[in-house]
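Presented sequentially are two complexes of subunit A, the first with subunit B as partner and the second with subunit C.
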Partner chain A sequence: MAENTKIIENATCTFCGCVCDDMILTVDLDEKKIIKSKNACVLGRAWFAEHTIDEDAPAAMIDGKEVSVEEAIEEAAQTLTKAKFPITYGLSDTTCEAQRQAVAITDRIKGNIDTTTSVCHGPSGLAFQGVGESTSTLGEVKNRADLVIYWGGNPAESHPRHFGRYAVTPKGMFTPRGKKDRTVVLVDVRKTKSSPVADILIRPKPGKDFEVLWALRALVKGKKLSDDIEERTGVPLEVLQDLSDRMKNCRFGVLFFGMGLTMTRGRHFNSGALLALATDLNEFTHFVAKPVRGHGNVTGADNVVSWQTGYPFGVNFSRGYPRFNPGEFTTVDTLANGHADAAMIIASDPASNFPKKAIQHLKSIPVVVLDTKMTETSKDAHVAFRTSTYGINTSGTVYRMDDVPITLRPAFESPFPDDESILKGINKRVNELMLAKHYASGASGEVKVAAPI
Partner chain B sequence: MTEKMILIPGRSAKQGTSLNIGKLKDEYKEVTSTLEMNTDEMAKRGLVDGDKVRLSNDIGETIVSCIGKKPEDLPDGMLFIPYGPPSSELMASDTAGCGMPLSKHMEVEIEKIST
Partner chain C sequence: MSAAMRIVNGKVYDPANNIDGKIKEICIQDGRIVDSVPEDATIIDAQGMVVMPGGVDIHCHIAGPKVNAARKLQPEDHRHDVHPGTPFTRSGTGGTVPSTFATGYRYATLGYTTAMEAAVTPIGARHTLEEFHDTPVIDKGFYVLLGENIFLQNLLREKRMEEFNEAVAWWINATKAYTVKLVNPGGDEPWKGKKNSNVSDIDEKTDEGLTPRQIIEAFIKSVDKQGFPHPPHIHCNNLGHSGNYITTLETMKTAGDMRAHIAHIQFHSYGGELGKNPVSKAAEIVEYVDNHPNITCDVGQVMFGKSTIMTADAPLAYVLKGHTKGKWVNADTECESGCGIVPFNYQEHIYMHTLQWAIGLEIFLMAKDPWRVILSTDHPNGGSFMNYPKLIKLLMDKAFRHEEMKRVNQSALENCSLRDLDREFTLNEIAIITRAGPARALGLKNKGHLGVGADADITIYDEMDDKEMMFNAPRYVIKSGNTIIGNHEFITDFIGKLLHISPEYDKKIEEVVQPFFESYYSIEFSNYAVDDHYLHDHEVIATGKA
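Up next, the complex of A and B:
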């Protein structure tokens, strides 16, 4: 039994987009680790238990050799400023303060910035721009929603507390009996660990989500569907009619949607169809649609990149101003097309989950990595920083999946620097190098460059 | 025997807990290289839990172990794997102008590896 402990109340778990801020952590100060995480789910318990301090690990490496953090910052800045098409990627597992620095660096080096959103709910981001978003906080869902629909996701395994804390079982102002006051619908091609929570389980044929959503739009508008709808989609007409009626007659409905829509054929058209259905339903009742976001601060990444560039992801600064073009400036494309000639990867591991062709190119260019652990991406990096963990060792701001900002309460100190301080150092040095490059090109006169933030 | 099936890479709780331990550790590697297939489909191919199969398409190939699921949970013709390095081997890089590669519903051939 540890003797030198402290309790951190109302700490925040940043593992997934639920960002539960009701953790009660017990910290062993001698061993520098969290020994108990009350209220955490299975994923949260692993998050807190496994982020311990490896005192033997170097804080910084260049080509696999240990160096000082200052030397690594210098090499990172040199690498990024020498590149013709440097890319910045990741950002979903770090604070908004660090994300802000990453945007500033990319702006200065006229690079390309993208976040894990592009391989997550990026298609939904496009659909938001095309269709709009009827939205709410998770608090409103808890207090008001009497019809909860999950489409293309398995929250029981990916966001285990989504049901209990926000949407299915909690008792709210207008849902005093919790689940008894709600109807829960799950739409998925397979039966998952989430299925038992559903009152109604709908299993379309794979790749037929768009058709099912469009059929529901038609029914909501009172149109007649062709008799072969079940043959086309795998969902009987009477099931669709029943769901349509429930959606029109509920008091407050919510459509939560996941990667089953965005990663499959149709992509942004699938998300757009769902958002359009939510919009249609507001002619009859109150209906909202929310993407279920994956990483702890992926929503913050969307917000910060939007504040600073006007666009949420896939932004290029090569002409000196931000341009948004998914399919060109998104990271799978900049890598697979062979455009990127240097990369800074922050709190992400594309080498373990990107398409093979993109990974092959990533391994052929100099890469700067900031991560809390060794990964497929960091093990081959030109410059690798080992960082402290946000929410466990460092404070800062993260955004819950419903765009609610939450301040982190760290549990114990780490000997490793945090993302923000490393990025500040790179930002400062990049600024100096870009000015030197400007004057070396023969330019004269004073250049107005904003001081590093 | 080879036959085309639909592969769905996705998240699992075990994948989530093991990535916290470390993505280069054995537990994560094992989770992301374990393929779920319904038991009818496995029986048809003479497969039992733990057997190795080769998944392939025109992008690449990977070798994984398989584990049975109830046919009512995972329909015929469908496979599930927690996403990770093995599923990346089969993923096309074309994003159709939106930034997202098709990461689910990949058409793959499956072949038992003789031991």
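Up next, the complex of A and C:
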């Protein structure tokens, strides 16, 4: 047992979108390691336990050679300001404070900003813009929901505490008996580790989620379905009718949905159908829906990019103001189409998970990377920063999947700077370079230099 | 801090100091208005111009969770109204729910330097403060939604009033708010817990055993006792419903002689039978307000065109969704609030919309005491704040008003007295309803006037006959002594400060609140209160009885 330890109570786990803030961490200060993470799930325990710091790694590198952080900031700023179509990407595994700086930089260099939302719940974002959403914070689900439906997700493995902390077993104000006061329905094309939690398991044919959702909308509105619905969707009419009745007659219903819905055939049509179903049900009872988000602060990224630009992701500043066009300004597209001529990647590893064509282009342009560890993306980067880990070494704000903001309590210090301070440095330098460009173009007038916001 | 400055030759409108269009020098040093400045101070020659304190918006929705949801919801509202950056200012997008940067800069381009976000859930306070830090130029604060707070209602039902007061103060401190906001008191639980129903009468007893009136009274008394600079900011029950003026009068009567602020009172001044078209009861409402100096209100003027309904009054938003049949957001916040968002459009040919427009104007034009009837559009509910210059023209220019009246639904005009109102506001009265009045109602002693010691938040307009044009384009806007807009152009960036209060409370109340949190909230008690690093630049406004 280590002797020099410290206990951090009410720390937050940023591994997934659950953002559980009841961690009790025991830190070995000599080894700089979290040796115990009480209340964490299996994913959280691994997240904390595997966090070690390689103190010998360089904090900054240019083309693989160690440099000072200041030199790297200068080179990053030069690279980004010289580019014609610089892109910023990632952002879902860092703090809102860092995200704000990233949008500021991209605005100043008239670049393109996008987050990992474009490859996960982006379709849900588009569906939201189309039909809106009836939703709630997770505490409201805990307190009130008597019908809980999961659609196209496997929280037992992806968000292990979603059941226990928020939606299935917790005892709330109007659900004093926990799971006994709830009916749990799981809709998924396959059996998963989540299946045992369900009172009712519905398995549509793969790729038929939209049809099932649309059929439910029809039943809820009292319309008749054609007899071949089971043949088409794999779900018998009686099962659909029973679910429709349960949804209309519950006191407070919730539909959680995952990437089994958003990233399969139909995409934003699927999300839109589900959101519309939840909306329709409010004619009969109180009903809400919520995407089960993945990354620790992807919801924060959506919020920050939205409040600064008006749009949640896929935003381009090349005309001097934000424009939104998913399919054009989303990162897979800016890369695969060969538009981007420089990139700043923050807390993400597109070189290991993007389509081949996008990766090929990424490897052909100068890339600035901020990451806590060596990744596929950072090993070939023109400028690479090694930064401290949010929630473990760095404080800041993250937004839970239900838009609830939480302040992080760091466990121990890292020798590496955090994302926000690196980005602040780049922002300041980019601002200077862009103002110099402005004056060089012959501008005059009574002008003071603005402090970068 | 800012250098010394002297504004000369300007026609000064400073109603709080009884200055009505007098040519007068204004001296500025270190962000404040001073008696005199050294000879070498920068001089602004305001010959032919009007000098006023910076505008103060007492009721708008500009930051926080519901505002951001409304932004995300409407890309179509942004793309036709872009806000390009300059080398010194950030870019953004506009529409009825502008991005944070566009919000701050656009307020500045109207000569407004302070704005209060009118409804924030406690759990959303941190989000709101983050957005505020990205909202440039203006000073800002927010009202925190406490009326539907289940813990506070529990104390109220158990008549634990001492603890109730302590808990109110604790929540204000935990969120860094400016005052308490009540929205459709008693309406949250029927909405969330009883299949989307609502309360309909101020004396209706809910299953929880409380009436809206008991909730209203408790908060008015608590805030009065603690001496907040601004009283509870109340969104009455029955917003938008025919016959609701009775509820509004009863709400005001509940205050007795204690202070209360009635938000967007236009939406609460309707006669007629429930379910049928309303008629105007502006006269009855204005009479009560005029005769009760403890009451302040903002009008919530409706302006024709695009708006966005965003409100903690979730049942109301659902009713409006039934009219628009378009997209709708509902967002429940655990133990604290409901919320609804509906993109909306006020149209001249529609009876209801014209009547709402006319009632707002009636309230302005009938009020004898402009100090307590403050200009607002309940941005963006009645229309964007960018409509303020046009609204000012409607009030100052009778001929223009009558021209506009030709284009609206005529049968609505039959059911109100707008046609008979000849009043034209003076510049001094405009300075009251946009500056001095709201600052006084908010208890902001350093704002809304140009006396020595006031914040150097100053707007200088070219004097023009067309008042819409005049109020749309100040030549200079000075914020905290910094010239932000000079000769119509942004010449620097500036981040304003947060205005909040910090009433005293007994720390023991945390022991009472904490067990409730552990049972019914989904975040930890110790992670709930907002810590000071979210404040950035801020000013604590004093509480306590003078």
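Following the convention adopted for this analysis, the second predicted complex is superposed on the first by the 443 of 453 C-alpha atoms of A that agree within 3 Å, B and C clash if a C-alpha of one lies under 4 Å from a C-alpha of the other, contacts with A are read in each partner's own complex, and residues count from 1 in each chain.
We take it that a contact is a pair of C-beta atoms (placed from the backbone, for glycine too) under 8 Å apart; a residue touches a chain by one contact, two chains touch by 3 or more.
Fair warning: this is a prediction, and the values are worked out from it, not measured in the lab.
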Subunit B versus subunit C as contact partner of A:Lys180, first or second or both or neither: neither
Which superposed partner A:Ala46 touches (first subunit B, second subunit C, both, neither): first
Which superposed partner A:Asn303 touches (first subunit B, second subunit C, both, neither): second
Greater residue coverage of subunit A in the superposed arrangement, subunit B or subunit C: C
Subunit A - residues contacting subunit B, complex: 15-16, 42-43, 45-47, 49-51, 114, 118-119, 122-123, 126, 154, 156-158, 160, 189-193, 203, 206-207, 259-260, 262-265, 267-268, 294, 313-314, 326-327, 330-333, 335-336, 349, 352-359, 373-376, 379
Residue numbers on subunit C that touch subunit A, as the complex places them: 63, 65, 68-69, 71-75, 78-79, 82-85, 87-93, 95, 97-102, 123-124, 126-127, 130-131, 133-134, 136, 150, 191-193, 195-196, 318, 327-335, 341, 486, 489, 491-493, 495, 519-524, 526-527, 531
Contacting residues of subunit A [partner subunit C, same complex]: 9-10, 12, 21-22, 96, 100, 104, 107-108, 125, 128-140, 142-144, 165-166, 172-174, 251-252, 279, 282, 284-286, 288, 302-304, 306-312, 317, 319-324, 397, 399-400, 403-407, 409, 434-435, 438, 443, 445-451, 453
For the subunit B and subunit A complex, residues of the former touching the latter: 6, 8, 10-13, 16-18, 20-24, 59-60, 72-75, 78, 80, 83-85, 87-105
